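Residue numbering begins at 1 within each chain, and the chains themselves are lettered A, B and C in the order written.
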Amino acid sequence: MSGGPPVVVSARGLRKEFGEFVAVDGVDFDIVRGEVFGFLGPNGAGKTSTMRMIACMSPPSGGVLRVRGMDPAHDGPAIRAGIGLVPQDDALDLELSVLDNLLIYGRYFDLPRRAVRERALRLLEFAQLSERAGAKVDSLSGGMRRRLTIARALISGPELVILDEPTTGLDPQARHLVWERLYRLKQEGVTLVVTTHYMDEAEQLCDRLVVMDGGRIAAAGSPRALIDEHVSREVLEVRLADDTYAAAAEQIAKVTERVELLADRLCCYGEDGDTMLAELHALGHRPTSVLVRRASLEDVFLRLTGRRLTD
Amino acid sequence: MVPSIFAGLPAAPERRRATPLWRRAFAYWCFQFARTWRSTLTASVVYPTLYLAALGVGLGSLVDRHLGATSGSAGLDGVTYLRYVAPGILAGSVMQIAVNESTYPVMAATKWVHTYDAMLATPLRVLDVLAGHVGFVLLRLVVTSATFCAIAAGFGALVSPEAVLAVPAAVLTGLAFAAPVMAFAVTQERDSGFSVIHRLFVVPLFLFSGSFFPISQLPGFLQAVAVVTPLYHGVALCRACTLGRLWTLASLGHAAYLVALATAGWAAARVTFRRRLAP
Amino acid sequence: MSTVTGPASTARRAGPSAPARLRRALHIVERNFQVYRRGWIYFVSGFLEPFFYLLSIGVGLSHLVGDVRVGGQVVSYTLFVAPGLLASSAMNGAIFDTTYNLFFKLKVAHTYDAVLATPLGTADVALGEIGWALARGMTYAVAFLGVMAALGLVGSPWAILCLPGAALVSLAFAATGMAATSYMTSWQDLDGVFLAMLPMFLFSGTFYPLTVYPGAIAELVRITPLYQGVALLRALDTGTVSWSLLWHVAYLAALGGVGAVVTARRLRRLLAP
């Protein structure tokens, strides 16, 4: 057998156009079984369009796409029978109860009524929503609704689960709970495809990811590898008194790997933050605020595109 | 997959034949209807009955007296006003229900509740989503038409045994409205157009398509307009059924018109649904 | 610390004067007007239904019905139907904003939360909304009366009093509609509004005289609000006036008054408990 686990999703030159507008501009990627694969990028990068193509809900405009070994153009229903989708806006029926939402969804997969019910009850346990089974969805918090949507996506026992911005709009506690449930899914061997514009989410969850911007892939790899490849180890963020930014930037650039001038501060990239700070002081600058941190995917994105992820 | 979550449960048994995809969407609408049937059904049956009583009987007494009609002798179109008006009310109410079911629920499923999107993430395709919804609207039309015909028969408004064919005639009328209106509704971003449709199209059609008086009473050019509108043909076809005058060339023409409109509407809906839901 | 006394503070504690109250209520009217400036087509299209009924059943059926007896007079069927539809027009103008729209403002948009943070109080809101419904009903009535005049359906000089008559109809339905809606809790409850309006519209003597009914039913219909309006406006339009019309006036005014008071109380309970 050829080496490596089977490829669940494969794209070559994948394109999506809406009239004149090009949302996805020729992207290539492979997603292997059992990994958590991320699409990291700001709003408008083409992530959702790519997700919809992988979920076989939107026909590609060009390129080659294979999902679960099949061609979406011919085998859409068969492919979707083994996929679970967690859309960005939940698409839950607010008037129905938590349990009913699971039941009607399971019926679309032609699962017998009893099987759907049994699975639904198990999934409510998984999502920690068992006590709210009879409650109407519009009485649930955002985090609970998201967990319900994730549970719903699992009703058919899919091998691939696609999550579009799974923790956008959730408070920190809800986010951690969702991550924890997703991590459990990964341990079960489910392949997860996640889009996000949160770098902490990408770093926490993803085995591999691609950085998307303007419909194209700017970089690909594991979070660690991307950081190592594109940015330095540490970042020094400082705020200076006005007018000295440009001068400071020039001077510091000589003693650090790189300097990025943002709207409200200066990011200095180098091996060690404290060393850079000392250099700054030596040059006579007195920053009004200082932060030393490890480099993150946000810095990778900034390096590659010149913009912030959350602009 | 997800073995430990479903551990211990029997594997989902293989069905001998999978349920057709469109039937799964249809089942969803039936499920929703089972929750809300009381209010919708009472409205769609009670209101036409009120029209039948008020205009068919109450106003009918004035018309029959003026035209010298009693049950069986000369009157409007040879029958009492009640018998004249009943198929008109049938067709008119079926139109209203068809339009109502094809506007707000479609927008809700597209934009507010995202029902269609939820369906499309499963094995269902756009065609199944559309067919499931149209199938449900048809079911509604059948139930309402049959109920109204039973009530009208109780009033003594149905003359001939062919009146039972008024049910499929009414359903065809409703479909001729539902299909094109659904094709339109799925393209909309706001529901403001719907109340305009109701007030500027549904109400005038209801009143001027021959339900309550023959269109010969309209001025000439308006008669020409009425003849090309769908409800005129629906009323004429239903009236032909209830008065036992079905087997004529004119009836064939009315039916053909409605079938053509329904078919064109279905074709348009396939295009607009795909454009909106799977662009 | 000095205690503030004197005429100014006494006036504050006694509540706003009548002109001040009226001015405040007018702000609500103005707000609704601004909303409908954008959506003028809804305002206009709400007028069309009774107008269509006039042309369809009123005109289209006139040859099929012949003449009808009203009071001592015999009039054409169209002239018989028109004032009934005028009453409906006034009712329609008043009812939508005080039922469906009111429910939306109370339960969904919570429009009044912002309003009540201003010097306006719940009584001003009640008054203002009724005032707006009255204005809308009157606009429809004026337009409808104009159509009637154009079609030659104004039967007597008394018909000018149809305008204040229509105002009473609008007032009665606006106040009652608001009061009823203030008790509703879900969109399904609102179905009750149409379930009340449609039978009234069909059976209250708009399309045929009450003589069609057996005695007991005719008496029942006589006490419904729309019939009172229809009877009043028909008598005025055909010139068959008598002092007994004042009973209709009193009925509609009383309904309006009671409805307004109930509305004000309910709004206070709902919005400023």
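What we mean here is this: a contact is a pair of C-beta atoms (placed from the backbone, for glycine too) under 8 Å apart; a residue touches a chain by one contact, two chains touch by 3 or more.
Keep in mind that this is a model prediction, so the values were computed, not measured.
Q: Between chain B and chain C, which partner chains are common?
A: Common neighbours, chain B/chain C: none found.
Q: Taking each chain's centre as the average of its Cα atoms, which is closest to the average over all protein Cα atoms shown?
A: Smallest centre-to-centre distance to the global C-alpha mean: chain B.
Q: Of the other chains, whose C-alpha centre is the longest way from the centre of chain A?
A: Result for max centroid distance from chain A is chain C.
Q: For chain B and chain C, what's the span in angstrom between their mean Cα positions?
A: 33
Q: Quick one: report the Å distance separating chain A from chain B, using the average Cα coordinate of each chain.
A: 46
Q: What is the distance, in whole Å, between the centres of chain A and chain C, each centre taken as the mean of its C-alpha atoms?
A: Whole-Å distance between the two chain centres: 57.
Q: By residue number and range, which residues of chain A touch two or more other chains?
A: none
Q: Using the touch definition up top, name the residues of chain C that touch chain B in the complex.
A: 39, 41-42, 45-46, 48-49, 52-53, 55-57, 60-61, 63-66, 68, 77, 188, 191, 194-195, 198-199, 202-203, 207-208, 212-213
Q: Which positions of chain A touch chain B when the two form their complex?
A: 18, 55, 57-59, 76-78, 80-81, 83, 85, 87, 89-91, 93-95, 104-105, 107-112, 115, 118-119, 122-123, 126, 154, 156-159, 185, 188-190
Q: For the complex, give me every residue of chain B touching chain A.
A: Residues 1-6, 9-10, 12-13, 15, 18-19, 21, 24-25, 27-28, 31, 113-115, 117-125, 278-279 of chain B touch chain A in their complex.
Q: Hey, which residues of chain B end up touching chain C in the complex?
A: Checking each residue of chain B against chain C gives 39, 43, 46-47, 50-51, 53-55, 58-59, 61-63, 66-67, 76, 81, 192, 195-196, 199-200, 203-204, 207-208, 212-213, 217-218.
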